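Look for subunit A in each of the two complexes below; its partner is subunit B in the first and subunit C in the second.
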Partner chain A sequence: MIILGFLKRSSLISWRTWGLLFAISFIWSLHIAGISERDLVNQGGWNLVWRFVVAAIHPELSREFLLLTLNASLKTLAYAVCSTFFSILIGLIAGVLSSEVWWSIGNNQTPWLFGRGILAFPRAIHELIWGLFLINIFGLDPLVAILAIAIPFGAITAKVFSEILDETPRQPLLALLNSGASPFSAFVYGLFPQAFPNLLSYSFYRFECSIRSAAVLGIIGAGGLGYQLLLSLQSLRYEQMWTLLGALIILSGSTDFGCTWLRDRWGLPSRLDLNVLNFQQHRKLLQRDSVFISILAAIILFIFSFWYVQADFSKLWQVRSYERLATIIQIALPPNTSQLNQLFTLATRTLAMSILAIASAGFGGIILAFLAARNFVLPQGILSDATKSSQLHLTFLRWGVLLCTRFFLLFIRAVPEPIWALIFLFVLFPGILPGAIALGLHNLGILGRLMAEVVENLDQRPLRSLQAAGATNPQVFLYGVLPSTFPRFFAYILYRWEVCMRATVIVGIVGAGGLGRLLTEQLSSFDYNSLLTTLIVFVILTFIVDLISASVRKTLR
Partner chain B sequence: MNTKSLIFELKNVTKSFSPLQALTDINLQVYAGERVALVGSSGAGKSTLISLLNGTLLPSQGEVWVLGRNLAHLRSKSLRQVQCQIGTIYQQFHLVDNLRVVHNVNAGHLGKWSIFKAVFSLIYPLEVKTALKALTQVGIPEKLYARTDKLSGGQQQRVAIARVLVQNPQVILADEPVASLDPERSREILELLQQLSQDLGKTLVSSLHDFDFACRYYQRIIGLRQGRILFDVAAKDVSTAMVKELYRI
Partner chain C sequence: MRFSWSSFLLLILPLTACSPNVSKTATTAQTNIQPLVTGAIPDRDPEKLQRQYGKLAAYLEKELGIPVEYKPVTDYTAAVTAFKVGELDLVWFGGLTGVQARLQVPGAEAIAQRDIDENFHSVFIANKNSGLKLIQNTAELQQLKGHTFTFGSESSTSGRLMPQYFLQQAGVQLTDFKGEPGFSGDHDKTIKLVEAGSYNAGAVNEKVWQERVKNQEVDLNRVQVIWRTPTYYDYHWLIHPQVQQRYGKDFVQKVQNALFKLNPQIIEQKEILDLLAASKFIPTQNSNYTQIEAIGREIGKIK
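Our next item is the complex of A and B:
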């Protein structure tokens, strides 16, 4: 209730106030990051950076290493498939149980709020922390990687699924209930089919995220591309790194491309609409021919993945696992609160890191989004000059800009944040700055891509009418393009800010400071009492960020 | 009339959505086989009355008796059994757009089907013959496997009626069944409802905007004005004075 009240009141805060608050917090973050101090750059590191960049020209292409890369890629893919499967399974069950519409059938309001409340906790903790924790219970087994992704992703999926179900029109469901159908049958017939396109589209999106996450999890020893990247980086074999990065880009890029293609072909809502839960009526109809092949491919991929990861699922119901869990819980209670002061300092540093990261990613994303949007750059685009568009060399230039921007965005989002952080730690002293840059770059890649989709989905008619009324290109941009894209842009930036906050943990692991670093230290020294306190502080911080983001997004509507 | 069984009985029913009072002190009896039209301007309480009759809403005061049971006293399972005997069609059809017609028609079975049967039928449609028969009765047998959102408005309303036929209730309620359709389609749908009601002996209660339609296709007209019953007469006894009074602002 307090939260709801806060949201209601804070929606009165205007645009300008938020802008001012942002400016203040940005400057504060810069100050925390120590931007004014001298010793930020480690001059000795430039040498390593140079070697890393030069290595891009001749990546390691020996037969054995390529085989190793292939194996690692398949492993990452298999992890992603298995964990997506479990995420969706958890998401479906928990999603229905925490949806308002399911409980509204019985006129019961409390359980769904309760359900969503429970889901908030696994969601707030990053996959990597889950992984490090689960290793203590199950030992070093592929099962750890699968569960580490499936638990938080399952909770996120459940939240989104329940929101999708709640947003689905209810009249058909009520019509069936009124004719005496049982609640479950009415759900299956009246609500599920309508929600299905959105649920499926979100599942695709989760798969794309799982690929990136599976790569990151490699860093804690789960194997796959992330693990190999870390090994090569630590042994200073940059040629190998570029081969692995190439593989990661191909894997992540082809997954993104494949999912977009299927969405488009099946008339599913885009990634865009899902993230901010904005469903239009999608009237485009399914093209049946690709359905059968896709289902077949999915089944093959599914069987292959489970065979390839060789996870020991029996550990899930072994008594020993539960004994270990019980022991850890026993040790962890009561939480150690002796270091609250230090925790507070670290929490502010973590917050500052996330603000710096998302501010730079958002700013860069807005600029790059226009350069990566097909309808903006290419001839016959929104701002193209009809008299000049016929010139061939200009057309080439335009295509060049588009492809380069898109590749750049793909590259920076395919490289996991910890790898970026490690590269920047060559030249920057440990602290929140390298972490912020690493998070910022990765999110820039994601935001640029999402925002480019916003630009490409722009309604062209108002722009044409402005042009017809004699507006120049800059005027069309100011009056037509910006007003219709910016609210969406900011919604995305805020959404990614929430993700960014959680991800501060994983750059913390490689030494980029903040609560994440403390968390990993406590995990590896089995200091569970302090760990519990740190986790609680981190979860509270995450909730605060979510709350601010939600109330700013409310003002945007 | 009194020899026939009582289907609906409303005793001093008031329904308020605070602060608004949608229906005030309604007393009403509907007997088996009757064709009743509820008329009145927008906001007169027609839809609220229909919702009270099929148990979607419960009255704020008074009692609603359906098929001899007081709805307020029923547990959810018995309420569902009563609801199985009431088929409702709506202005906006309330069909599941992206399912094929056969599944929407089969949804009429859900009150009787087990959960497993319901799920299985979504993969492999069951009782197709019954569905086809119902679609033939409403005149669109060829649309059995079409996607519902590809049909026109009139065809979708026919699918909704077919769903009710499969449900095979004693009573058909229709909440503004033709308000989304053009006059010609409206005439067809109302004719269909009238004919089905006569042939199958179903009680029919509809809310309608159009007064002429009401008098042409129904036996009994109930005029609602600001949540109260203004008149309740046989269709042949409706006078122009009543109509004037009904729509007076």
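Our next item is the complex of A and C:
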């Protein structure tokens, strides 16, 4: 009740109040990070960073190492494919079960809320923590990595799927129901086809996320690119690191590109449309052969991936696994509440870390988004001057800016957050600052790209009419571009803030402060009772962030 | 149309070009006997570990007459967990991780250690530009206050547990360092970080340090040993009780014999010993690690 009341009231909070709250919390976060007081920069580490940067000129290209890199890349890809498969499977089943529309068929209102409530738990816990937990049940098996991604991602997918289903127009469904079709077939034939483009588009996005996540999971030993990256970094072999980073960029970049291309070709809605689900999109004509080839390629990729990871799926129904699960739960209960004070301090530090990260990623993203948007930078763009754009060197310069920005964004998002954190730990003392910078950089890469897409999909008509009415370029930008892009920008920033909150754990694990640091200590001490308490605090923290973000989004609409 | 075909080809080409490295395990499993799975905590450069344990596995396979596999693990905690759930049968643990694993597996036994492990030391190393002086006795550890300091892994006996214990005895708390203390992950990284000056000082396994000095992999103009800790018990082989059901009652004895039999006179066997930095293996027993257990509890690494 309190939460609902808060939500109702919060929708009345104005823009200005949110702005003020943000400013206060940002300054508070800087204070927590100790910007003013403690020693932050470790001067001694600069030569290591320098060596790392210089190594970029000559990455290791021996045949043996390239082969190892190829193997690692395939492994990461295969993990991503398998786990995407399972997350979508979980997402479909749980998504339908937690959608309002499914239960409304049977005139039963309560279960869907319950369903969404349950989904919030697996969602709040990061893949890496799932991984470390699942080792306890399945041992050292590739299955651990697949499930570690599939469980939280499945829950996220389920939430988004259920929202898509709920917002899909219901007339055809009701028509089928009224004409006597069974609820199930009415659902399949009346609702699903309409929701399908959105579901598919989101599934593509999940695949892109899975690639990044599979790379991160390598760090706890699941193998693949993340693992090799960590090994090279641990033994300070920077030349090898750059080769691996190159492979990661190619893998991540081609997945992003491929998914965007398919989405575009099939007329699917762009990425995850967070605020507006558009059901009247004018579809391009589907080319049948491209669909056929893609399906064939997808099937081959699936078969290859499942064969390549060699996971022992029989462990899923072995009694032994369930016995281990029961033992772990038994050991972990009851949670140890003796250190609540320390937990509270660390929770505030973690919160501060996420605020610093997302604020810097957001500001940077807004600036870089315009530099990475085709319709903004290139000649014939929104603000380009027709007389100047014909000059050749200017055209080159514009292309240069566009490509550089895009590559920069791709590079910083392809490198997993823990790797960024480890690099910054060379020159910064352990604490929340290196963590915040690592998270901020990675999210800047993601936000910059999402926002650039918003700019590229801008409705041109109001801008043209402003120009026709004689507005100068800065005026068009201020009164035409900003008002139509900013709400979407902030929606994305808030969404990434939720993701950032979860990810604070993984930079903490490599020593960058906050609750994650405590989690590593507790994990390595096998102190499951305290671990459980920390996880609960973490889930609560994630809820709070979700709640704030949801109510800010409400103000945005 | 042409574009979609080429993208299709792009997708499948790498798939056909390469075969996974899992085929190796498939061939060793041809015999019906379940393999003995060995492992080790990743305390040093992982690439070197991979090499040395391959040779050891081959030796044990020959001696014991059963298939032996080496499973690489990337993290101390994961190694203990894998032993706990029975995925690893015979593991080279550090003092602390060995105790942690043994406490979670009733019947697990410490069966062998290197001759050096019963008198093990850590060394504190310092960058020469840090101004840190040689330390004569424990009380002088006080001079580390206000300097930057890094440990190895959180669960390392020689890189964290014992150094932290001696620091505490000298009245130096973790909060007394400049900034927060680092946890580098392994001994090699600690050496490199201190050598580079990223940290003023650090604590490392003496054996790893000596090896790196011997092979001239450390720049002694930039980093030096400032203190050698008192002795304690450290590394040991821990064996899982499930091997007795699998291979018979006397199996533990057989493994012990195989390890004790490693002879530095025989070139191949010397290689294995060298890689583990041992001159020979000697017996050990669970009770040798009561001090480690007590300190582990005191520092909070054992609950």
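By our rule, the second predicted complex is superposed on the first by the 544 of 557 C-alpha atoms of A that agree within 3 Å, B and C clash if a C-alpha of one lies under 4 Å from a C-alpha of the other, contacts with A are read in each partner's own complex, and residues count from 1 in each chain.
To be clear about the criterion, contacts are C-beta pairs under 8 Å (C-beta built on N, C-alpha and C of every residue); 3 or more make two chains touch, one makes a residue touch a chain.
Not measured: the values here are computed from a predicted model.
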Subunit B and subunit C placed together on subunit A: clash or fit? fit
* To do: Have a look at where A:181 lands relative to subunit B and subunit C in the superposition and call it first, second, both or neither.
  => first
Discussion item. With both complexes superposed on chain A, which partner does A:231 reach: first (subunit B), second (subunit C), both or neither?
Written reply: second
State whether A:334 touches subunit B only (first), subunit C only (second), both chains, or neither. neither
Superposed angle subunit B/subunit A/subunit C, CA centres, nearest 10 degrees, is 140
The chain contacting more residues of subunit A, comparing subunit B with subunit C, is C
Minimum Cα separation between subunit B and subunit C after superposition, in Å, equals 23
Per the touch rule, the subunit A residues reaching subunit C in their complex are 38-40, 42, 44-45, 47-48, 70-71, 74-75, 132, 135-137, 139-140, 219-221, 227, 230-231, 234-236, 258, 287, 289-290, 293-294, 296-297, 300-301, 304, 307-308, 310, 324, 425-427, 429-431, 511, 513, 520-521, 523-527, 529
Contacts from subunit A onto subunit B in the complex sit at residues 106, 171-172, 174-182, 184-186, 188-190, 193-194, 196-197, 283, 285
Given the complex, residues on subunit C that touch subunit A span 1, 4-5, 7-8, 11-12, 14-15, 18, 20-22, 45-47, 71, 73-78, 80-82, 84-88, 100, 104, 127, 148, 153-155, 178-183, 185-186, 188-189, 192-193, 196-200, 300-303
Within their complex, subunit B touches subunit A through residues 54-56, 76, 80-88, 90, 92, 94-99, 103, 107-108, 110-111, 113, 115, 118-119, 122, 147, 149-150, 164, 167, 169
